[in-house]
Amino acid sequence: MQVNEYKPKIVAFCCNWCSYAGADLAGSNRLSYPAEVKVIRVPCSCRVNPMFILRAFQRGADGVILCGCHPGDCHYTSGNYYTRRRMALLFSMLDYLGIEKERTRVEWVSAAEGAKFAATMNDFVQTVTALGENKRLEDLRCKK
Amino acid sequence: MRKISLSNLDGLFAKIAEKSKLYIPVDDNKGFAAFKLWAEGVKMSNALNTVRSAKDFFFPQMENLMEFKTEGKNIEIIDIREEKEDFVVFGVRACDVKSFEILDRVFLSEPVDSYYASRREKGVIVSLACGKPAETCFCSAFGIDPATPAGDITAWKTETDLYLKANTEKGEKLLSQVEGLTEDCDDKAVEEQKKAITEIVKKLPLQNLPLDKFGKGKTKEYFDSPEWDELSSHCLGCGTCTFVCPTCQCYDVKDFNTGREVKRFRCWDSCMYSDFTLMAHGNSRVSQKERFRQRFMHKLVYYPDNNDGLFSCVGCGRCLSKCPISMNIVKVMKTLGGKENV
Amino acid sequence: MQKITRDALIEKAQTLLDSGVVTRVLGWKKGDFDYDVTPALFTDIESMKKDFVFGDFCGANFSKYLLKETKKIGVEGKVLVFLKSCDTYSFNQLLTEHRFDREKVYAVGIPCDGMVDVNKIKAIVGDGIVSIDDSAEVIKVETLYDGVKELNKADILLERCANCKSRKHVAYDELMGEDGEVIDSNRFDEVEKLEKMSADERFAFWQNELSRCIRCNACRDVCPACTCEKCVFNNPNSGVENKAAANSFEEQMFHIIRAFHVAGRCTDCGECSRVCPQHIPLHLLNRKFIKDINSFYGDYQAGETVGSRAPLTNFTKEDLEPSEAVNREDK
Amino acid sequence: MFNETLIPKLGVIIDVRQDTPDIKTFRVVSPEGKKLFEHRPGQCAMLSIPGVGEAMFSITSSPTNTEYMEFSIKKCGCVTTWLHQAEVGQNVTVRGPSGNPFPVDDVFAGKDLLFVAGGVGLAPLRSVINYCRHYRDRYGKIDIVYGSRSKDDLLDYQEIINEWATDSGVNVHLTIDREQEGWDGHVGFVPNYVKELGFDTNKIAVLCGPPIMIKFTLEGLRSLGFEKTQVYTTLELRMKCGVGKCGRCNVGSKYVCKDGPVFRFDELDELPNEY
């Protein structure tokens, strides 16, 4: 086994009403997911502005995942529908600029889906680990 | 005077690049020139001038000044200045060479700006005479001769050869470094080219600007001119003119927090921007008119006031071709100075 | 299509000024060179007769100027604006966003067969342009060094005109000449070409283009969709640099956010690419969004009608997932 | 390497005094506990907190103070808001001194002096006033007119009544804008008060305060017979470099940071009205 295994930095924006509770449930059910995932709680997935995602990459994230309520279940009725459109366009644009599309993801996780949260995070960390360090959207000033 | 065949230009560049970094104007994929680091295979552009000016070499668009580490109430100040490397800039036009003199008067006056000074000290300027000036050129209005640019070395390019003449000690040193490649020659071809350029310059449309109407002590005359309203009325407030201008030297000092330390950097700023003079309690230049006026008054009156009548414009024509709405210093001069003089 | 002449526009302006319908005219003013025109406001017909020009270099989109013009305090009456077909889309989009008072504007639609890019002329004939005669289809350019050269207008059109999307005017009080049609243009061809490249090639392409950016903000300031009173890039508290071309990250960030902010509202008027001093093909970013919007959510043309709901402020329950969006075969 | 003016010195806040509800006075020394640098009355310095920003402030302590420097700062923008929550022991960076001082040793010498200040405008004058008090025998009579919105907004109130007002030959005239309980002094705006007091014109006047106060006070002094050559003020504009290079604090061809901040009114007349 390699000693200095590469550990990616992952930022997970989680909506307060579903996904954050889902993460909580994953914790209380003792489902493990990698410690590299840093969860940021937002009132709604719709609160996440494209700048937040770019900013996370600037500050050294290797992958950014956005979790919200399932479409139709938004606490604010329709927030996540807007998220869905915005992120579809943003991710497509990032891909267009040649930035690896696997580094960004949107996943719908309800408060009851602790297992899905853990599985999603495990899968996402694995994907990003395979990609290696974020080089295309990095700000060298923020690197060591 | 020394000369070298154009076919051996790469050899000359390679020789210079042995000792120091060499920058030459290079065409991009769209045919616009920019100064790039020379390396084997990089070809010099034939364009008259680069889109950006050469001021970048001494006053880069962005540079880190110092760093701070903060911990609790403590601050540590880290001086990150380093000894700069020698470098050579090849193919600087007469207008841009003159712009260095204008920048020098700002940055090298007391207190000396060490960031600028250390680059200025290390740079060798090889200027190139303008064989084919463009219609937007008006350097000769400011007393600049495009046929004999200043610089450490002056170069002339003919159909077949490149002629080199050193003007300073730095230039002599560089010429002696490439002595084996060049041969001694007379200045017949150069004199011919100079004559030809002088003839062309006479035909350029913007040579007789009413410069005598501007300069020292004219603040009161123009500051409240009603013409500013119309001149500035469609200004977008972008920074294009400022950023392509070889003599614009205003800068901003800002902090960037990297998460580990704070980097204090400076970057070009534009007096055309609405936040240029913005303070917590308000802005002393409230509308685009005041900002627009500041830019041109600075070039034509304020700078000459503080610098023995020297104008802060070199007539490179970049703002003429780059302004999104085609508003520029020539139009300002003509409008304020009276069209009958042109 | 008949060519609109300068005289016809002056005559129209005179009629409208004399009858009191308008009190001022937004037009183009002659500069030092034949290709050099500045937007200007004329308040009387004499100054128009003296300085007004109209020709192949009048590419500027005047719809954004209406914001400032209609907000002037103490100025009575309407402003006359000449709108080319593409400008009318921006005009409608601004009305949709309630950016100016329609009652204070008198819009005259003018037919247009494409505007010319002086950079393309310079690339062919070189420097030292003495005069340009653009009165006919074949444009005659005289230079100091090369005598007179004849250029085909089709070869030197502005990018947005070469890929003109519509000759139809979607807003006007009055139309001069005949209206044109919406054109089935090839404007997405270049976007498709890029999409077909590998991610590495695309990345290299954009690095090369964006690295030239000098952060002058001209693309933002000229854009008729960028009308925020205070831009996010001008907000010191946002932590975004508005002028420091610090590194490739800042450049990418600026251009992604700029294009994203106008996504669904951009009418593809092409002003951003026209004014870029570094000739960055910014329209390729905007068109990517337009193309994606069309293929994900159905065809949508911003500014086609007043009051339409923009795709990003709208949704359906069946929208595709972001993961599907990036993995589509037909993208 | 050259000495670089853009690189600041390190300072430590050793005392914070709440003067008014929105003005605090900070006492700054070097980490060794010494005074950071010498200055002349009326000069300024750039204070900064890395990551927050850098801004120009008047040095309010007198040059005759050999131990420390003081800055009276009103909570107004980014940097000042941050400073207001700073505690004793906080490090700051200091750069300066910038600008030209008041001509205390030549023009002012031997003359009667009149200081007129409004609100936080006392801050730049305090160094001059204390300098003149220190060398009391070099100057004639000193009159100080100082006004603020209310009694609580009077800067350095304790120092004014305990020290300035008790000096011989120093007359302090305080005023507040509106009637207030516990205030038996003058009520009214500064410009009117200056006119009411009616000074003789054989003196030098120094003004500092909000632009509107300066405008009307100057008019008042003019009506009393003062010449513009007798009246000084100090300006402030947006500054970044503090050495006349970054190009933003100019009024016409003068830079406030380098050629100012002290101007005489006849000099200001020569400059365009853009400050």
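Should a chain be cited, it is by its letter among A, B, C and D, assigned in written order, with residues numbered from 1 in that chain.
Here is the rule we use: a residue touches a chain if its C-beta (ideal position, glycine included) is under 8 Å from a C-beta of that chain, and two chains touch if they have at least 3 such contacts.
The model shown is predicted, which means the values in this text are computed figures rather than measured ones.
Chain centres here are C-alpha means, and the one lying farthest from chain C is D. In this structure, the chain pairs B-C and A-B differ in their number of contacting C-beta pairs, and the larger number is found at B-C.
Inter-chain spacing, taken between the CA centroids of chain B and chain C, is 30 Å. The centroid of the Cα atoms in chain C and the matching centroid in chain D are 51 Å apart. Centre-to-centre separation between chain A and chain B, using Cα means, comes to 46 Å.
Taking the mean of the C-alpha atoms as each chain's centre, chain A and chain C sit 37 Å apart.
In chain C, 236, 246 are the positions where the chain touches two or more neighbouring chains simultaneously.
Residues of chain A in contact with at least two other chains: 141. For chain B, residues touching at least two other chains, in rising order: 252, 256, 269. The touching residues of chain B, counted against chain C in their complex, run 28-32, 34, 48, 51-52, 61-62, 132-136, 200, 203-206, 230, 233-234, 236-240, 242-244, 252, 254, 256, 265, 267-270, 273-275, 320, 322, 324-327, 330-331.
Partner chain D is touched in their complex by these residues of chain B: 65-66, 68, 70, 73-75, 77, 79, 81, 106-107, 111-115, 117-118, 219-220, 223-224, 249-253, 255, 257, 262, 264, 266, 269, 271, 276-281, 284-285, 290, 294, 297-298, 301-303, 305-306.
Chain A makes touch with chain B in their complex at residues 59-60, 141-142, 144. The touching residues of chain B, counted against chain A in their complex, run 256, 258-260, 263. In the complex of the two chains, the chain D residues touching chain B come out as 1-10, 49-54, 76-78, 80, 87, 89-93, 237-238, 240-241, 243, 245-250, 252-253, 270-272, 274-275.
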